[in-house]
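Please find the structures below.
Next come two complexes, and both contain subunit A; in the first it sits with subunit B, in the second with subunit C.
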Partner chain A sequence: MAVVDHSVAGIAKPKPDNRQARAGWGLVAPALTLMALILLVPIIVAAVLSFTNYSLGNPGFDWVGVQNYERLFTRSTYEKMFIATFTYVVTVVPISVGLGLGAALLVHSLGRIGDIYKTIYFLPVMATLLAMAIAWEFMLHPTIGMVNRTLEMACGTWFEALPFFANGCAEGFPLWLGDRDYAIWVVCFIGIWQGFGFNMVLFLAGLTSVHRELYHAAEMDGARSGWERFRLVTWPALGPTTVFVVTISCIRAFQVFDTIEAFWPQGGGPNKSAYVMMFAIFEKGIQQNLIGIGSAITMLFLLFVMFLTLIQRWLVERKVHY
Partner chain B sequence: MKYTVTAMALALSATAVFAEDKVTIEFAYPYSHLFDVTYEAMMPGFKEAHPNIEVKFRATYESYEDATNTVLREAVAGNLPDVSMQGLNRQAPLIDKGIAQSLEPFIAQEADFEKEGYHQAMLSLSTFGDKVYGLPFSISLPVGYYNMDILRAGGIEELPTTWDEVIVACKTMKRNGIDNPIFWGWNITGNWFVQALLWSQDKAIVEDGRVTMDSPEALVALEQMQEIFTECEMQNLEWKAALSSFSAGDVGMMFWSTSALGAVERSQGDFELVTGPFPGLGETPKGLPAGGNAAMLTSTSDDPKVREAAWTWLKYITSGDGAAEVAKTTGYMPPNKAANEIILADFYEQNPNKQTAVDQLPLLRDWLAYPGDNGLAITQVIYDGIERIVTGDATDMKELQEELVEEIADLLPNG
Partner chain C sequence: MSDLQITSVTKDFGETSVLKGVTLDVKDGEFISLVGPSGCGKSTLLRIIAGLETPTSGNISIGGKDVTQLRAADRNLSMVFQSYALYPHLTVAENIAVPLQMRQMTALQRLPVLGTVMPGARIQKQDIAEAVRNAAEMLEIGTLLDRKPGQLSGGQRQRVALGRALVRDPAAFLLDEPLSNLDAKLRVQTRAEIAELHRRLKATFIYVTHDQVEAMTMSDRIAVMMGGEILQCAAPDVIYEDPDDIRVAEFIGSPKINILPVERNGTELTVFDQVLSSHFYGDSPKVMQLGLRPEALRLTQSAPLLTGRVVHFENLGSEVFAQVALDSDGSRVTLRAMPAQRQSLGLGAQVGLTFDLSAAMIFDAEGARLRRVELAATRAPEVA
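And then the complex of A and B:
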């Protein structure tokens, strides 16, 4: 009798805790289920499919092991993919971050007129890149486009002393989108043009949180020139913002797709010179229905982005907190 | 109050009856820049003839590749349109996967199918394993577009008949100060121009499930392309940019499908446009691939009314006045005999530019699809290869051929 009593008491005692825990899980369950269903399951499915040769519309598939990944690292097409992607990231990230910071500092130093600049620089960010790409496509048309027409106006003036103009006036100006030496740079240019306004806004937000007193203190300590104030106060204070901006820019640069799809719906640029990862995923997985290889590129893509995010976490936690 | 209710009930029942009679079918087609005008021209006639059928147009496919893809995706998702227009070279995979349905049961019910102009040569383009799966809607062949003003300014009086003459013409024009003498449509859908060069030598690009890129004829084709691109110093234009350049009067000769003739004429600048037969390799081509698309029944509906309506629409656009609109609004030829001989009897006399492709009809050959799931990927491999010739990245054609053969073998089911 006493034993039974004891055991009953033993169960009864942690009951409130248990109930609370269960209620807690119950309340979290919808969010957890949704997270698993919407975020995790698709990634797992993609990971599984990357080891198969599944093609859309087929009733089944075969396991092919790491064949898809092996192709990624041995075929020249994918070599071009890596070159194009890294060229884009390495060009666009530093320039768009640098321009964003510069513009933010200049705009910040202005009074009310700054708002006008802010709006103007932010315009390309608000416009859809795809629509803008179509506008650029018209402007870059080799014979009837605005860019080459404008360049032609320089013919016959002293501009011809420059080799680029001398060549262009004699042979015709570059094809921009059809020339493998220019294509990726055109895409980079549009990426910077479109992206730096966003970075500027982020830096502006960071600048407002830098205390005025710090500048006064620095000045009293002998930091007279603008450069010194920037080096000693602004730049360190912007540390967390910079890490965030660089990470976001990197991820956005890895994700570039709209411009390439608009310019070269087939092939990804002359000689695949602008065949970036996102476009490769689209071409293989969506255009050619080869889900297996498409998933393999997706996994690699996720890995890069995850890696970048981890670096950012590490930097934020260790290095740039004050 | 009572009366109002009765009136409302009456009105409701009336609309219900009306809605019951109305059958809606969904329809999708490729290349809006070519065909929008065609379907716009057809719709009034169709609505009058079949007031109870409503055709709902889905978003257009960008190209034949996109058309295949979209339909494959829709088949997986279970929202196929009732009728879909598919490139002649992309019909086979849809039949293999059981998406396109045989039209034989409908044809069996038609009393005078033959009389409506559906003849064997036309139906053979969509016949697979003795069964008709589609009704060909528009047929095109490659032709030459010539800007006679530029040609004359460049000192050319006669249209070239071989590629060697084309190259001579290029050089003459260049000497006379024409910057942009030629655009050769290598980047047209489905490796069509490569197949044109192969068929010109009477060689098929696919034989017994093998891609014949390793044949001597394929090497001749690659070398011919290289000669045209380098000797003419052809610019690497995207095809839409090339079409607008030609329409604006900047390009002397353009080799492209006759299909664009309607679109080019509509946006043509102030110059004399003449079309000529597709030049050959040293002699007249022995064959040319048939471009174009066919209407396929992809309906998943069990409702006989919907299927009947879909068949009515299929027939309307491929025969009689519907088919005649194809010739009137585009550069395509309707493959329907009755439409060609009766409605369009004197049309080609008045439009000699559209006659060129009709004259080439005896050369008509199949536009072949690459076998297996990787068909679209093989198209891309060949496309990338030719692009390397245009951009000057590949200079040794033998080497390029070997690379292409290797990459294609990688993608073939039996490779």
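And then the complex of A and C:
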């Protein structure tokens, strides 16, 4: 009897389960379709195109295998692209995160005046970078720009003891945007100037979640200096925020484009010294209509960003979660 | 271990004055409770003792040394916070070790990697680990040492916070409502454990609470605070049986003390026109207040001083509390009775109440205790 009952139940059971599963798939279908259409398909298309020599408007294309990727790792243009991109990321990320944290701690320790600083530091974030780049271009103009004019005022004073001023006064101050030794650093500077306010706001949000009583506990436990309190309470509490800020900053740094497009619309800085990845994608894929190589750079770009995101996930789950 | 003096400490926050001149001497090894309703300034006083808050005026001294200008980290006091304030990223063992690391190791020895190769760091670390193990054993949290605070229950966190406080040897322990986040059962258990800990350590404990039961059961002395002042500081039984002020009498004791109006007409003391004493020759104001603990009231059939109807009834098993609405003015008094008297206390039942004048406390209209009036009133019949 029991065996018969069991088998009957066994046949009858899957029906509602199946129906539930089907309903489930039906309900997620719109979201799934959208995700596939606007996120996954373009990535797959780009991945496929990166193995071809396709150009927009051509009736067909040829498979070229890994030729595009091979070029990326052999041609000197792309070597410059990697150098420029990594210089930018390695400079801008730590400095803008550090400045953001420092500014957040200082602003947090102030009372009402803090709000004024918050607004001031956040202004560059709100401004359009393209417009700001034009303003910087004027300021950095080698002869009539504000920066070099200000520097020239130091000529004839004790400042000339410094080698930079001695050189500048004798042979003229740097061309900034026109000098291949300075170009990428100027871009880095503007990136930091523009980005740290955003990091500061994120850190400020993180700081509000630090329990005040923990500082009192730290004081009772004998943490005398601000540095000790920071290490014992603030820094660990900001762990999750820091991971997020660093990841966001990295991704934003990899994406730098508008400054370079505004300064050097014709080709990534003097001697391609500021030829960053995003600009390379734009130049190859759009301006020169070399979709294949453009897609290859895009895939590489995606790989970097994916890698960063994975590191972030790993850190969030392992180290900073409590 | 040393005694602690608080001398006329005041604290103003802008316009509002939170402490209005508090003076308190705490003897070495004493367990003293600061108790009062919320907003009475008890937590502020504790934070001033700790050094987390500076007093507007007045002095704090520990072991005869003035520490008013000393910062909290240099006062050698331990504190247990209401929220426990454990470092969430450190394990239980690391949490307990923090006060020792901060005080015994140099900044260089505390560095994450470099610290381990600093001279003396290894021995220091072993000593600290040993002290942490001892503290954990005393509190029976030895098995939790590797967990993070996030993985602990409220009671366990509370023990870790205690462990962090007692791992070093402070001049006094300050506890800020440490039991208020625990459930009722755990609270009773932890209460006993803290009292036992105090007996074992023989250390000075200053314990802030709004719960009079905690204060009554654990302390050597209770300081009842209200409106930024200490109204009375005495042993628990004195506070209960012999309060100086009507506010102390009303705050301590559950159910609350009954207050009845007393009048003096010539040589007669009356409550609702019932004569309490007809030969009163003492000197007293005309209008006074009479305080009667629920256990001072008795049920009676013959010549009751007060009559009323039972309006509420609580049976606690071992004893019974009845609220009686008085016929004279409708005010309610609470009566404690034995379970055997339950039948006569049914809802709506008409009852007669009486009491001994010697069990009553008399206060003036402002609430100050009138001990001389009590003495005169109780002695009067013998004289006559």
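Points to keep in mind about this one:
Operating definition for what follows: the second predicted complex is superposed on the first by the 305 of 322 C-alpha atoms of A that agree within 3 Å, B and C clash if a C-alpha of one lies under 4 Å from a C-alpha of the other, contacts with A are read in each partner's own complex, and residues count from 1 in each chain.
The criterion applied here is as follows: a residue touches a chain if its C-beta (ideal position, glycine included) is under 8 Å from a C-beta of that chain, and two chains touch if they have at least 3 such contacts.
Model, not experiment: these values are computed from the prediction.
Upon superposition of the two complexes on subunit A, no clash is found between subunit B and subunit C, which fit side by side. Judged by the touch definition given at the top, the superposed model places A:V316 against neither subunit B nor subunit C. When the two structures are aligned on the shared chain, A:P270 is found in touch with subunit B, with no touch to subunit C. Once the two complexes are overlaid on the shared chain, A:A47 sits clear of subunit B and of subunit C alike. With chain A used for the fit, subunit A forms the apex of an angle whose arms reach the C-alpha centres of subunit B and subunit C; rounded to a multiple of 10, it measures 150°.
Of the two partner chains placed by superposition, only subunit B is touched by A:R180; subunit C is not. In the superposition on chain A, A:N289 makes contact with subunit B only, while subunit C stays out of contact range. For subunit A, the partner that touches more of its residues is B, with subunit B and subunit C as the two candidates.
In the superposition on chain A, A:I144 contacts subunit B only, with no contact to subunit C. Once the two complexes are overlaid on the shared chain, A:V125 sits clear of subunit B and of subunit C alike.
After superposing both complexes on chain A, the closest C-alpha pair between subunit B and subunit C lies 45 Å apart.
No residue of subunit A lies in contact with both subunit B in one complex and subunit C in the other. Those residues of subunit B that touch subunit A in the complex are listed here as 62-63, 65-66, 69, 72-73, 75-76, 97, 99, 179-180, 187, 235-238, 241, 244-245, 248, 250, 373-374, 376-377, 380, 383-384, 387-388, 390-391, 393. Those residues of subunit A lying in contact with subunit C across their complex are 211, 213-214, 216-217, 219-224, 228, 232-233, 236-237, 239, 320, 322. Residues 55-58, 77, 137, 141-144, 172, 175, 177-180, 263-267, 270-272, 283-284, 286-290 of subunit A are the ones that touch subunit B when the two sit in their complex. Within the complex formed with subunit A, the residues of subunit C that make contact are 47, 50-52, 71-74, 77-79, 81-83, 85-90, 98-99, 102-103, 107, 148-150, 164.
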